[in-house]
Amino acid sequence: MSFTVTNLTCQRGSIPVLEGVSFSLQPGTALVLRGPNGSGKTTLLRCLAGLTPPHAGEIGFDPDEIAYSGHSDGVKAQLSVEENLVFWAAVYGTSDIAAAVDTFDLAPLLSRPAQFLSAGQRRRVSLSRMTLTNRPIWALDEPTVSLDGENTARFAAAVNRHLDAGGAAIIATHIELGLSQVDTLELAPLKARLDHGIDPFLDGALT
Amino acid sequence: MSIWEFANPKRFMDATGPLIPVLGILAGLSLAVGLVWGFFFTPDDFRQGSTVKIIYLHVPSALMAINAWLMMLVASLVWLIRRHHVSALAAKAAAPIGVTMTLIALATGAIWGKPMWGTYWAWDPRLTSFLVLFLFYLGYMALWAAIEDADTAADLTSVLCLVGSVFAVLSRYAVLFWNQGLHQGASLSLDAEENVADVFYFPLLVSIAGFVLLFVVLVLVRTRTEIRNRRILALISRERAA
Amino acid sequence: MIALLRRDLMLTIRAGGGFGLALAFFLILVTLVPFGVGPNSDNLALIAPGILWIGALLACLLSLDRIFQLDFEDGSLDLLATSPMPLEAVASVKAASHWLTTGVPLSVAAPLLGVLLSQPLEAAFWLTCSLILGTPALSVIGTFGAALTVGLKRGGLLISLLVLPLYIPTLIFGAEVVRRGADGLSPATPLLMLAAITAGAIAMLPFASAAALRTALK
Amino acid sequence: MIALLRRDLMLTIRAGGGFGLALAFFLILVTLVPFGVGPNSDNLALIAPGILWIGALLACLLSLDRIFQLDFEDGSLDLLATSPMPLEAVASVKAASHWLTTGVPLSVAAPLLGVLLSQPLEAAFWLTCSLILGTPALSVIGTFGAALTVGLKRGGLLISLLVLPLYIPTLIFGAEVVRRGADGLSPATPLLMLAAITAGAIAMLPFASAAALRTALK
Amino acid sequence: MSFTVTNLTCQRGSIPVLEGVSFSLQPGTALVLRGPNGSGKTTLLRCLAGLTPPHAGEIGFDPDEIAYSGHSDGVKAQLSVEENLVFWAAVYGTSDIAAAVDTFDLAPLLSRPAQFLSAGQRRRVSLSRMTLTNRPIWALDEPTVSLDGENTARFAAAVNRHLDAGGAAIIATHIELGLSQVDTLELAPLKARLDHGIDPFLDGALT
């Protein structure tokens, strides 16, 4: 069993940001998306997560199999860290947040209202949500933003544990994470792909 | 020793602790005397019958509703200028009491209005001003409730209280301009011809004194509660950070 | 779903006031009307049902743009959309929590405010009835409007532009119930219409809202 | 300062509608009133000045919470606060741009809408006068309310709770001008009061707003 | 001439997040703030920039000498990149955005509405603002978040140029930037400072 994507095309506006993306992801490996700013990493992840429908091509798995975490944290400022986690646990049908708390050592922050967290602390809360979802594929968009060295290591350990348990991960990042089993997908800069327009309004010359 | 020393929470607690029972007893006594005297030992008014006796609740609560706002204004100024925490908390503590007084004045007035004017509510300028005052209280309290950080809340509510006071006075004049009313004039002013008779007057004074004392006691008690709350919050946030 | 409802209620209450806020706005609005219109109580009684209903409508309106906006901005809406909960359920729950924090308190308090506008007491009962029946429709329709404008930076006014025309039938029947009630006529027909609008809105609009959300997140 | 004004106007216009939006809301509100109150034109004429003024007030209100909120959320407000521009100037410019996009179009359009409410034509002139004189105060006061609630997650309703009571004097004098104008009395006194309130608000409130902003950013 | 800070204490809520911070920054050097998540880097920068008044201690320079850039980008989504830059230029009394555009190679993006930028592109716009301010000290809070390798290098080059021109910089970051002249200020984790309360409500036992 593996997760495959064939010949995927994703658009933003009317521009084909990605074209012909194919990969096959084995359980137990992480796919690292690399590419310069604006090359389409976020676009690809949102498409895989089912937020943007693909323009062409096929995604060989269900949106239900993928847990997404984007550039923004999705942490509610007025709720405490614990309330945030309990809410997401309930949404995913569990009530056990202990694993999530341990992963990023959130215990001391549990009762703190999220609005009083520092940027890195908020990021930790956001990432710990992943372990609550119980989904096989983690799709993470620059997860280590604002994290210090220690917490980056914690994050890598969490991903490794997820991989060891037979999960998979797709991670867009600019840094080296130190994961155990890694494939890399390089995305070329956007310019390269601009000629292959599929905008119906550019199709054939208008009189 | 200057009065500002009481701005230290601990000093304030130490000083007011023993005061409260004394003031409380005094307030209870004068309220009891004023109200019992007013309700049971004054003659019925020749025009208004026994309904006039509601005056012993109505007038003092109306006075205190306004005075509570004045006290909040002063306390807010003190906080803004001298940054004394107790002062900000005293303003916060006074608001719910003031709003209750306003409600009592409105309710007793409405009850009184039915026999006197044949309606619970009329858009008389004084009644209307009171409704407006009620709205100002609501806004002030809502702002306190909405802000998480205590010092930020103190700052912003103080600014609101200042600006609000100016506009409350403006509203009063605007309302007078808008409608001339049915309501009684000032009955306590010294020169007025139509002052109420002495039989009504003295129990009213006692009852007003009772309300003033009651207000002071309640503000002190609530300020002390707020201080304790702040202490708990400070301890909790320290605990959390550790 | 219950978790989401609980979270939303908690957020509303934490953010200061919760139930009280819509009510206070309603009170202020009712106070402003005599300032504008003049204090004559016969005039006021005449326009009371309409003003109370319009007031309820506006109190609903003012909290609409927060329904999805905050969740959109902090990324929660993306996460909800990828969660096991269908977006239709999200939209319904959001509407329910909006109704609980505005519609319910408004319906309960409206008769008291009627007194301020010299409304006869018999009308009070019908006012509450019509509001209880009508405000769910306001919340559901409003949620739809909020879904349409999520992500736009100018929620407030735009949303009212979209939503207020949709509110017109509810307003007409609602005010008519009260007017008939006050005049001693039978308010059965407008009440029925009100109930029908509410039932229809609850049944259909969450699908439209979910579709709008899906497009907005794209 | 002109750069900020230009930017704010541009943002408002880009975000869809700009000048038109407040106007459209005003129009809808005025249309709703007959639905609520009944179509009798004598009644309508009676309440027209008040309703038009309250409508203008609400149209202002609905765009208030966007004055600082968006800049706060995307970090621009931090940057403005550390820029050479004093926060007092920022507050004044924000109020000015709010006035230009709501107050001005409302003042111009109000007489037309008066016709919908069967308002006599003589009143139209005084309506525009009073709105032109009064709406700057609404914008400045509203900016103050927006500054108090910046950073709070429940702008909409809370802001109205804070701001509407402050609007009362303006509303009373404004509506009084129109009423006197319509009755052929001299509206000089309320007009003067209106001008005084506006002048005072413009002179003083930006300082209060700036103080509030400073605290909120802390 | 140097920029000095002596014995600075900054509070958040009622907690002294920072205590006794002192440093002296020579023109031409960058001060790199290091410390784990939640140690107070953001707090310090906001305090130096004049956004939070210090609780005690002294800042030996004017808020007018410092240009601040925080965790959020401060880029207006509805304006184009050019309009964004022109606005900030006007605020700082210039009209020349060419230098800013060159620094981060923004020319191809100039006419793009900012809402269609990727996270890294938006960050570039935000950072390029610094060069418009003409202020001697740059205070930057995790500036390289979301930037790819190439743009991180561009950023480092921009800072180096600023330093060479006699400017100074205070930069909170978790990564190695490759700046020419660097001092480092290590911020200890918060726990260490909790005993030194200055909260009046914790002063003495209450009755």
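Letters A, B, C, D and E mark the chains as written, and numbering starts fresh at 1 in each.
We take it that contacts are C-beta pairs under 8 Å (C-beta built on N, C-alpha and C of every residue); 3 or more make two chains touch, one makes a residue touch a chain.
Just so you know, these numbers come straight off a predicted model, no measurement behind them.
Among the other chains, A has the CA centre that is most remote from the centre of chain B. Ranking all chains by how far their C-alpha centres lie from the centre of chain D, first place goes to A.
The pair of chains sharing the greatest count of C-beta contacts is C-D.
With centres set at the average Cα position, the gap from chain C to chain E is 44 Å.
Chain A and chain C have Cα centroids separated by 37 Å.
Counting partners per residue, chain A has 71, 77-78, 116 as the residues that reach two or more other chains. Touching of two or more other chains is recorded for residues 11, 15-17, 21, 24, 28, 35, 38, 73, 153 of chain C. With touch defined as above, residues shared between interfaces to two or more other chains in chain B number as follows: 132, 135, 138-139, 142-143, 146-147, 175, 178, 242.
Chain D meets chain E in the complex at residues 2-4, 6-7, 10-11, 14-15, 73-76, 78-85, 217-218. Residues of chain E touching chain D in their complex: 46, 49-53, 63-64, 66-79, 83, 86-88, 90-93, 129.
Interface residues of chain C facing chain B in the complex, by the touch rule stated above, are 15-17, 20-21, 24, 27-28, 31, 34-35, 38-39, 41, 44, 115-116, 118.
Across the complex, chain C meets chain D through its residues 11-12, 15-17, 21-22, 24-25, 28-29, 32-33, 35-38, 43, 46-47, 49-51, 53-54, 57-59, 61-63, 65-66, 70, 73, 152-158, 160-161, 164-165, 167-168, 171-172, 175, 179.
By the touch criterion stated above, chain E contacts chain B in their complex at residues 13-15, 190-191, 194, 197, 199-207.
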